[in-house]
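Note that the chains take the letters A, B, C and D in the order they are written out, and that residue 1 is the start of every chain.
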Amino acid sequence: MERIYHQRGPRISAGGKQMKLEENLRRRRENKEILLMTHLVLGYPDFDTNREVIAQMVENGVDSIELQIPFSEPVADGPVILKASQESIDHGTKVSECISFAKEMVEKWDIPFLFMTYYNIVFKYGEEAFFKKCAEIGITGVIVPDIPPEMGESFYQFAEQDGISPVLIFAPTSSDERMEITGKCSRGFVYCVPRKGVTGTKSEFGEELTQYLARCRKHTSLPLGVGFGIQSRADVEALIGKADIAIIGSKTIKLVDEKGAASVGPFIRHLLGEK
Amino acid sequence: MNPPTEDGHYGRWGGSYVPEVLHDTFKRLKEDFAAAKADPDFWREYVELMSTYSCRPTPLTFAENLTRHFGGAKIYIKREDLNHTGAHKANNVIGQGLLVKRMGKTRVIAETGAGQHGVATATMAAKFGFECTVYMGEVDVLRQRPNVFWMEKLGAKVVPVTDGSRILKDAINEAFRDWVTNVDDTHYVLGTACGPAPFPEMVSWFQSIIGIEARKQILHYHHTLPARVYACVGGGSNAMGIFQGFLDDDDDVELVGVEAGGHGLSTGKHASRLCSDDASPGMAQGYKTMFLQNNDGQMLETHSVSAGLDYVGVSPILADLNDKKRVRFESATDVEVIEALNLTMKKEGIIPALESSHAFVQAFKEAPGLPKDSAIIINQSGRGDKDIFTIAHALKDPSWKEFIINEAREYQQGESK
Amino acid sequence: MNPPTEDGHYGRWGGSYVPEVLHDTFKRLKEDFAAAKADPDFWREYVELMSTYSCRPTPLTFAENLTRHFGGAKIYIKREDLNHTGAHKANNVIGQGLLVKRMGKTRVIAETGAGQHGVATATMAAKFGFECTVYMGEVDVLRQRPNVFWMEKLGAKVVPVTDGSRILKDAINEAFRDWVTNVDDTHYVLGTACGPAPFPEMVSWFQSIIGIEARKQILHYHHTLPARVYACVGGGSNAMGIFQGFLDDDDDVELVGVEAGGHGLSTGKHASRLCSDDASPGMAQGYKTMFLQNNDGQMLETHSVSAGLDYVGVSPILADLNDKKRVRFESATDVEVIEALNLTMKKEGIIPALESSHAFVQAFKEAPGLPKDSAIIINQSGRGDKDIFTIAHALKDPSWKEFIINEAREYQQGESK
Amino acid sequence: MERIYHQRGPRISAGGKQMKLEENLRRRRENKEILLMTHLVLGYPDFDTNREVIAQMVENGVDSIELQIPFSEPVADGPVILKASQESIDHGTKVSECISFAKEMVEKWDIPFLFMTYYNIVFKYGEEAFFKKCAEIGITGVIVPDIPPEMGESFYQFAEQDGISPVLIFAPTSSDERMEITGKCSRGFVYCVPRKGVTGTKSEFGEELTQYLARCRKHTSLPLGVGFGIQSRADVEALIGKADIAIIGSKTIKLVDEKGAASVGPFIRHLLGEK
């Protein structure tokens, strides 16, 4: 079965500006039970493979993609992304190349792209310059796990100014008060970490998760994305009705490592419940 | 010393940039630490434990022969090497151990570079009955094997970190990853005055015991304040420890921090954050400071003969004191360090750790130019025993070489000794 | 404690059986020592130096976890391991160093077994500016190479003794030979409470600082005297040191000396002079005591996992206290020693030297049988860091083995690290 | 040139007892400028060699021989004797064998034999028993360097009782008072150590030695023996007129090691100034 999703077409835009991430996701969600967001590390194993993987993802129905600009100290990531980041940097991946590549992808594919990275990359680039650049190339959101609201006054201001959505994180350890604060600060959606731990750790999708997501829902009206550990269609199904976006992290990296870029499409279709 | 801002900043530096999952842990830690700090009984218990389990107050030794040799200021050495486990690291871990007990946690994790902090943490964990995991870059595991051995014997699990450049910063990252996963029962015993708030303040507070003692001691022996105080600067904890005894004396006491100059600042192979051009402001590992990083913000590989100074960042408090010109920063090369170490051994019968020897280098450079009736203090943060493999290697000792080859031969032949 | 007779005897033991050429040296030494001992300023200077150069008073640590583990007497540990150079040996050498200065000599020689006394002497020589030669049995040179390395770096000449069985006793003989040849400028820094008078008295006097402190400390913490005091016994100096704090308490405080049981007393491979049948009265190395010797009077080979206890003779003062039943003697086997060491590391975060671990063995055997409100003191004569090669080997640590093999490979390939 | 000295003949005895060491030496000295005393370590390399060496010595004109009973800790000896002692013990030499061998030599040769050893050997044997045994087998003197007069009350009493001469030592470090004491206690002769050091160390035979020996002479009327370091005829000649006995120590052990027992005779003749 061959289908073509989201190929280059007219942009969904709002008020002269590129459509905001939240709005985009909500539109997509209108006729889907759950959205699929995927992730990859830029420059790993190389940009050509990234290109191929992204094509596989988009063509097979992914709704949004996180492009991770590698950072040498990815504290919130697990071994797979850590290693991918390190190798990417080791063979010379530059932030400027990641930006050019992102620009190319945004131009090619009609889904929202986000940057995932760590604060130092933004800080070194210059917060203001970074968000201007994001806006310029059409990146709609950023996930930067190490810049909490109380540390990021200027960060969140510049993001707002340029209409880039900073996606914040809820964790099971977050108190109600904390969710209130991060929820208010987040744009686009909220990234709900279903359990303690770093990326690539297997989650249990039981009663506890249901209660936790209900609690998340209470503290934000934004769509809820759930990441960390989704590996199969069953995992995705478990999230239907509880979250809006299933986020696939290191699993596709492992897949590409082991079976090549072409294996991504079938995996995505499996996650979408297609035979 | 001025406390940090509410959100943990010292001037432009510091802060607490932690992943969300750790937010509450840090909030509790801040509260618990603040409560402990405000409780005079807590400090009293700490001082008492340090005097019965370690040997505080550590002596201030007058280095008569070195003084004569350089013919300038009177050289005094603050003897942190005499602490239990052989370095100032003991102060911090025992302090945090008491805090962990107060917080009711049962497991501690730590990162370690030189291994000193790892041994100290493993020791503390044994003493307090905590479970203990120590993360250590694989490169450091190799160059500090004796410390790894002792950590294991003390009951700790040592995890060699094979990611990144496999040194201290990678161990820190890995420790954070563990913490993120095990926040409930686990406390991360950060080993130096770095990391997210409240660690810089907390570690500096525990280490301030060095400066409090040193101030009293120098006034007792020398009757006036020292002209200068020297300390090596890795993360900055021993330096912060001793400097706090003299920070409020403004210009009377000049404070000098000595970073690892490695093969020389111009070679790029060093670990100087505050006195080289290779560092710039950044945020990593949860706090803002001067980092050795490239233009993209990727951390650089660092180099030092001493594993304990081989680190990309530096205490935000020191970065701030550098801005304020309250502390002067210098660097010492590997070669200078070995020379200073040799001289100190021969002249005083004292074996400073390679880390500490950096402070000796700068003190030796400056002592001759200071008046004879002035005094300087060098903080000897640790003892050099642990460095035998590195030092014997650096000194190209032939009988050591032969010894190692023989030991290996016996192992390889499976002979019983 | 009762002083010896005019000719240096304690009961049947001791004396001063020295070759004629040393007669006058010993006469002067006796006089100089007597004068120093009678001079309160000398002791004051000694205590002062030990508190500024080493870290006296060393702590008395309450071993809470071990106490709980054994469920009997409260276990306290006297922390001689925290001394500068890592053992009680520092007390003796610094004391003798002051005496050498007083006598106007410029060179010191020493014998060493475990290497601790050698490192301590080399250290003292560096501090006082004396020339220094250390004699060490070749077997000990091999098993204690790290200490040899440090002695050399401290400026001492280390002479491996290849005569006899190449252990401590042979080093002592060689040191005497050197002394006979260089009496004028040289002082022989004997390392334990053995040898011709006035050494047993002198070394015991310097070491009595341990017992003086320990008595005060236990009364402070425990409010009453300890039920028992344990010390390992090589030559007997650390034991004499701590015992002197309690000798006059007669039956109130039971004093227990623990000798090296090696592979077991019945195997003949041990170093137990006072609790095995293999020893008999004799006179060697200048004094009378119980020696491990055969029927002809030839000294036997001894065995212990700890080089520092591996010695044929024992302090004449202890032999006398054994006769008087004031001190009870026991022995601990190599295997028991490794077990006790392991337990102490895991439970308390403390690493006793292999020598000291002998005292721990016996204390652990007896603690459970003593009332909970009683206290015992174990003298931890030194720290175990120095024993890493021996301990890693005894514990059959695979990664240590691998580490050594790798280090050797790099040396053999002439690679630069 | 072949000559036979001192072969088994009638014993020179005095008063029913074997002649005292001093008297024996004095008689010999009557028609010689200086006497020659030699030394060997019993059981090294073996008793057969000892036998041969002694024959060489006596037959070539030696006046007296020290038989060293090896001890495991010979503090006053240098490396040559130390090693010889150690090897002798290592291959099983027993004190009882040394005594039997000494008995055999005394019976065979008509020169005074002395035991040289360390105090522990005597102490273990039993002081009283030891001297009784010496007397019984005809040993005339003992040199035990580690039993000074003030430590050896019973030792010197038992020696006296059995007519065995304990030879004491003068050292350059000995004060006049000390020489007075040791001189009084010594029997047979006094062993003058010409310099500090252990056996086998080369001495300088200069003005200092002359003065030292003059000082020794002042403090005793006994014959003076000088040991430690005599290697050649010149060394022996330097002692003539200043001392009564030249004592050869480790030199012959080295000689036997290197050139065999047969080389001892020629060496002795060389020392005696014979061509």
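One rule holds for everything that comes next: a residue touches a chain if its C-beta (ideal position, glycine included) is under 8 Å from a C-beta of that chain, and two chains touch if they have at least 3 such contacts.
Here the structure is a predicted model, which means the values were calculated and not measured.
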Hypothetical removal of subunit C, resulting connected chain groups: A, B | D
Per Cα centroids, the chain farthest from subunit C: A
Mean-CA-position distance for subunit D and subunit C (Å): 39
Inter-chain centre distance, subunit B versus subunit D - centres from mean C-alpha coordinates, in Å: 66
Centre distance in Å when subunit B and subunit C are each reduced to the mean of their C-alpha atoms: 33
Where subunit A touches two or more other chains at once, by residue number: none
Per-residue multi-chain contacts in subunit C, two or more chains: none
Chain-level touch network, classified as line, ring, star, complete or other: line
Pairs of chains satisfying the touch condition: A-B, B-C, C-D
Partner subunit A, residues of subunit B touching it in the complex: 7, 15-25, 163-164, 169-170, 173, 176-177, 180-184, 280-286, 291, 293, 295-299
Residues on subunit C engaged by subunit B in the complex (per definition of touch): 51-55, 58-62, 65, 79, 82, 84, 86, 122-127, 129, 142-143, 145-146, 148-150, 152-155, 342, 345-351, 385-386, 388-389, 391-393, 395, 397, 399-401, 403-409, 411-412, 417
List of subunit A residues in touch with subunit B within their complex: 71-79, 82-83, 86, 89, 94-95, 118-121, 123-125, 145-148, 150-151, 168-175, 178, 182, 193, 196-198, 201
